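Below are two complexes that have chain A in common, paired first with chain B and then with chain C.
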Partner chain A sequence: MSRKMYINGMASIAAQTEEDLFTENLQSFSENIFPATSVNYKEYIKPMMLRRMSKAIKMGLVTAKRALNEAGVDVPDSIIVGTGEGCKQDTEKFLENILDENESFLTPTAFIQSTHNTVGGQIALDLKCTGYNMTYTQNSASFESALIDAKLQFTEEMGTRCVLVGGVDEIARISTPFYNLDGQLKAGEINTAKILQSSSEGTITSEGAAFFLLSEIRTQDSFAEISDCMIYRNISEEKLQEEISWFLKKNDLKIDELDVVILGNNGDTRYDHYYQQLQEDLFKNTLQLGYKNWVGDYNTVTAYACWLGAEILKRKEIPQQLKLNNLPLKQPTSILVYNQYLGKNHSLTLLRSL
Partner chain B sequence: MSRSVAVTGMGIFSAIGKNLEENHRSLIHGKHGLSHPEILETVHQNLPIGEIKSTNSDLADALNLDKNHAFTRAALLGTIALKEALQNAKIEDFTNIGFVNGNSVGGMDMTERFYREYESNPANRRFIQAQHPGFTTEQIAGYFGIDNYVTTISTACSSAANAVMLGARLIQSGRLDQVIVGGTDCLSRFTLNGFNSLMIYSEDFPKPFDSERKGLNLGEAAAYLVLESADFAKNKEVLGYVSGYGNANDAFHQTASSENGEGAYLAMQKALETANLNPHHIDYINAHGTATQNNDLSESRALIRIFKEMPAFSSTKSFTGHTLAAAGAIEAVFSLLAIKHQQIYPNLNFNSAISDTRLRPVTELQSTKIQHVLSNSFGFGGNCTSLIFSKDE
Partner chain C sequence: MPIMTDLHTELKASIIEQLNLEDMEVSDIENDEPLFGDGLGLDSIDALELIVLLEKDYGIKLTDPKKGREIFESINKMADFIEANRTK
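The block that comes next holds the complex of A and B.
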C-alpha cells in the first residue's frame, strides 16, 4: 500500500526570484541563454569548498539544504537527484585540458567533479548521509525519474520515511551555446517574455535547481503532496490524451476537477503542438499556466514547475504573468504538470493540496 | 520480498566476447581481453585497455543503421547486447516493457572528437545532444521501439548495478511486469585521462586484491538482463532471481573509499536483508575489485566485517577491465553464468594477498555448488551497491 508523499520543505533557484513571481515583476531577457539569479551561497557552504564547486553543485547543495531546513530534517533517509546534463562545467574544463594539452599534464579535480552524480554525492558528503543515493539522467524526464523512485520508496517496507529529491542543471560556457548550432535554441533577436507567441523554431535555455523534502509524515508544515508521476519516452498526441485521462482517473480525479495545468510550452513551433492540442481540447476548461518563457527550458526545469505548483497550492494564489488562458480562478487544490522536450521524454506529475 | 523477480534473458558484449557464449568461453579458459589501444585514438599507447576490437562502422553495419545515424559507441554496443538479451528472453512485444539503462560516459567519445569542429562542420552537429547519457539510452530504446518507461541511471561505476536494483523494485511494486536493466559504456580519452590523472591507472594488467596491485585498467562493454514478474516468467527458462539489493553512500570522499568501507558494508548488509539471507548463505562473491590500492583494501575490510567466514570470491575485472557504468551489468551476467554452470571464474594475475586483510580470491576455475551470488559495484560520489542473485529452486 502506497503511503502519501507530503512536501514538508522545498527550495528553488532559477532565473527569476520567488518574490518577482508573485509580485508580477518577472524579468524578460534578450539572450537565448540566461543564468539563474545569484544567491548568497556563503550562507550555506564554506568558502574553501565553494571555490571548487561548479554552479550545479552550488545550486543543488543550497536548495537541498534549504528544503531540509524548511522541513526541520537534518539528514534524510534517501537522496535522489535528477540532472539531464550533470556537471557540464567541470566536464568542459577537463575536456578542454585534454584537447589543449594533448592528454598530458592533467590535474584530476575537474574530472572527479564531472560525473553526473556529483551533486548527489556532494549532498551526501555534506550531510554525512550514508543512505540510499541515486542519480537519474534521462534528458527532460530526469527529475521525474527521481520522483518515481521516491514514490517507489514510499510503497516499499524499507524503513524510508523521508526522501530528499531534486532536479538540477547548469549552463556551461561552450557546451550550452552548441545548442545554437543544432537548432535547439532560437536565432536572432529575442524578447524571452514573448517567445510563447513566436513563430520560429527552437527555444531559450537557462539553469536552476529545485529540491523537495518528501515525507510520509504529515506535519503542520506540510502544504501539498506529490500524488503520482509517469514518464513516456515517446507518445503520440492521441495516446497522450488517453494517458492523461487514465492518469487522472487512476488518481480519482475527473478532468473538470483539475484546477490548474502547468504546461511546458517553450515557443518551439516544431513541438508546441503537443501542448496546444491539449489546451484546445482536454484542458479547455482548465486554468493553464506556462513558465518557460520566464525561466527558460532545461532538462530539469520541471523541478521548478513542481516547486511552482506546490507554491501555488501553499499560497492559494496564481502568478498572473503565467496565465495562458483566462478562466475564473477557483481555489487551487489539484495541479497537473505536463512536459516534453523535442517531442520526447514526456512526463505527467500530479500535485494536490492537503 | 513481495513479488519475485526472475531473470529470463541476458546479453553481453565485452572485450572477452561479443555474446554470452564467447564471454563464457573466455571466462572458463582464463582468457582476458586487455590489450593496447587500437581503436581508441589516444597518446597513451602504453596503457592496457579492455577494448572491443570492432570499429563503430563495423558495429553500425551489423545493426543495419542508416549512414547518418547518431549512435554513440555506447549505443552501438548497447543495442547489440540488448538484442541478444531480448532474443534470449524470447520477447518480441515491447508495448509494456520498461528500460533502465546505466551509463556514465554517454557520447563523450563523440564530444571529444567533434568539440572543436561543431562550429565549422554542420554534419557532426547531430552528435551535440549525444554527449549526455539519456541520449544513448533513447537511441537504444528507439531501435527496438521501447516507448514507455525509459530512464537512465548515472552513478558512475555503480550505474548498471543500480539499474538492476531499480528494475527489481519496479517489478516488486507492481509498476511493471517486464523491464530491461543493465548498462553500457565505451572507452574514451576523457575517462582514460581522468583515471590516469588520478594516478590510479595501471600500466600492467590489473591485479585485483594483490598486494602488488598498481591500479585499474578501463574497459568497454554493454550487458542487459530481462527481468520479469513471476506471472510473466511462468513458462520460461529462469536463469536466476534478483533476490537482494542494497545501495548506500560512503559519505567519505568524492572519489576515494573510506578506510573501513562503510558504504560497501552497508550496501552488502542491506542486500542480505532484502534477500532474507545470512552471510553464510552466499556461495560466491563477484567483487568490485578494481585493483586500485584504495578500493581493494576498503572492499576487503568491508567483506571481512560482513563475512565471518569468507566465501569464494573473485574480481572478473581482471578479464574485462573496469567497464565503468556497465560493470554492474556484465558482472551480473557473470554471476548468473556462475549460477547456471555452477562454477566460479578466476581472479587473474593474483600472486600475494594484501598483508592487512589476507584475503585470497579464487585463482583457478572452480566447479562448486552455487545457490546465491553477491555482486558488488562501487562508484564515485561514494555510491555503493550490492546485488544478490539466486538460483531457481
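The block that comes next holds the complex of A and C.
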C-alpha cells in the first residue's frame, strides 16, 4: 500500500470521551472489562431501527454517520468494516434462546443480527448504499485488513471516489469474560490507569468503534492522510526493527523525522517487550504515546489509535496523559501506529498531516 | 365503547417486550390500530416474531403465513383469532 488515502471525516466511540482525552480528564476503571461511553443514539438512529440493535451496531452506525457528516458525504461508494468478534451480544442472545426454549420457538431477530457483517449491512441499509460492502474478521488485524481493502478500491480503478472504513467490537456479558479463562485478562485488583507499570500477565478489555471517510483525491475537507499500512502475522523483535525502518524509508521518512509513535502497550508482561525494545532503541528520540490503559485492548482498537493519531494531526495537540516519555513536540506532522496482540498480527499504519 | 379484555392487555405487553418497542406503554397501542404500515409501523421481521409468539404463548401453529396478514391486522383481530384457536 503506497498510494495515499485522504481522511475527510472521522468519528470514534470508546471508553473515554474526546473531550476528556484533550482536557486531561481521562477516567480509570477497577474492572478488567469495561464499557464504552454512552451516546444519545436516538439523535442518529430511528427508534424503530434502534430497538433491534446491539451496541456494536449502534456504535458503528453512529460513528459512520458522524464521519460522513464531517466529510459532507451522504452515501459513500464502498463500506468496509473490520471486526474481530462481530455482534457478540446477539450471538449470546440467540444461543441462550436455543437453550432456554429447548431448541424450539426460536425468534429470527437475534440470529439475523448476530453475524459479523451485520454492522456493515445496517450502515448500508440506513444510508441506502448499494455499493461494495465487505467485512473483515482477522482478529487483531481486522481494521488494518479493511484499510488495505479500502486502498485496493482506489487502486483498481473501479470508479471509487470515497470509502467508508472503520473498526468495531463490543463486549458481551458471557463471552467476553471467557478471556479470563486463558489468561488474556489481568486477575486480581485492577487500576486501569496503572496497568502499563504492572508486573503481571494479561491485559484489560473494552469496546468501541471508529470510522473514517477516505478519498483518493484531496478535497477541501481533507485534514490528514493515511500514507501506508502493513500487517505482519509473525515477526521477531530483530526483524521488526528492520521492517519498521524499511517501512519508513519506502514512505520517504527517516526515523528522526517521525514526530510521534502510538504504541499498543497493554501491560501484558509476556508481550510488551515488543514495544519496550522499540521504545529503548529505534524510537528513543521519538515522542511515544500509549492509550490502551485508558480504552482497553480489543481486536479493532487500532481504529481508535488511527482516529487518535489523525485527531492529534488535526488539533496539533498531544493528549498529555498518553505520553510514555517526555520529549517536547510543537507541530506533529507524521505519526506511526504500531500494534501487536499476543505477539501476533503486528501492524504499522502511517498518518501524515497535509 | 371498545371491549378491552385481559387478553388484549396481555398481547400488547407481550408485543412491546418481544419486539423491544422501547418507550412504549400498553396504553399507547389502540385495539383497532393497524400493527403494520402506518399504524404501529411493524415490519416483516416483526411478523416472524409474532408467529413465534402465537405458538409459544398460545399453542397456535400458523401453517399458512399468508393468514398472518389478516390475523396481525390489529390487536382486536389477534385477540379474536387467539380466543378461537388457542390450545393453551
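The definition used in the following text is that the second predicted complex is superposed on the first by the 350 of 354 C-alpha atoms of A that agree within 3 Å, B and C clash if a C-alpha of one lies under 4 Å from a C-alpha of the other, contacts with A are read in each partner's own complex, and residues count from 1 in each chain.
Here, a residue touches a chain if its C-beta (ideal position, glycine included) is under 8 Å from a C-beta of that chain, and two chains touch if they have at least 3 such contacts.
Bear in mind that the values here come from a model prediction, so they are computed numbers and not experimental data.
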Chain A residues touched - chain C or chain B, whichever exceeds: B
Partner chain in contact with A:131 - chain B first, chain C second, else both or neither: first
First (chain B), second (chain C), both or neither touched by A:160: neither
Partner chain(s) touched by A:32 [first = chain B, second = chain C, both, neither]: neither
Contacts of A:106 with chain B and chain C, given as first, second, both or neither: both
Chain B versus chain C as contact partner of A:51, first or second or both or neither: second
Touching partner for A:265 - first (chain B), second (chain C), both, neither: neither
Which superposed partner A:227 touches (first chain B, second chain C, both, neither): neither
Intersection of the chain A residues that touch chain B with those that touch chain C: 106-108, 112
Residues on chain B engaged by chain A in the complex (per definition of touch): 42-44, 103-104, 108, 111-112, 115-116, 118-119, 122, 125-126, 128-129, 131-135, 137-138, 141-142, 146-156, 162, 166, 169-170, 172-173, 175, 189-190, 193-194, 196-198, 247-255, 262-263, 266, 274, 379-383
Residues of chain A touching chain B in the complex: 79, 84-86, 91, 94-95, 98-99, 102-104, 106-108, 111-118, 120-122, 124-125, 127-139, 141-142, 145, 148-149, 152, 155-156, 158, 174-175, 178-179, 181-182, 184, 230-235, 299, 344-345
Of all residues in chain A, those that touch chain C in their complex: 47-48, 50-52, 101, 105-109, 112
Residues of chain C defined as touching chain A within the complex: 18-23, 41, 43, 45, 48-49, 52, 55-56
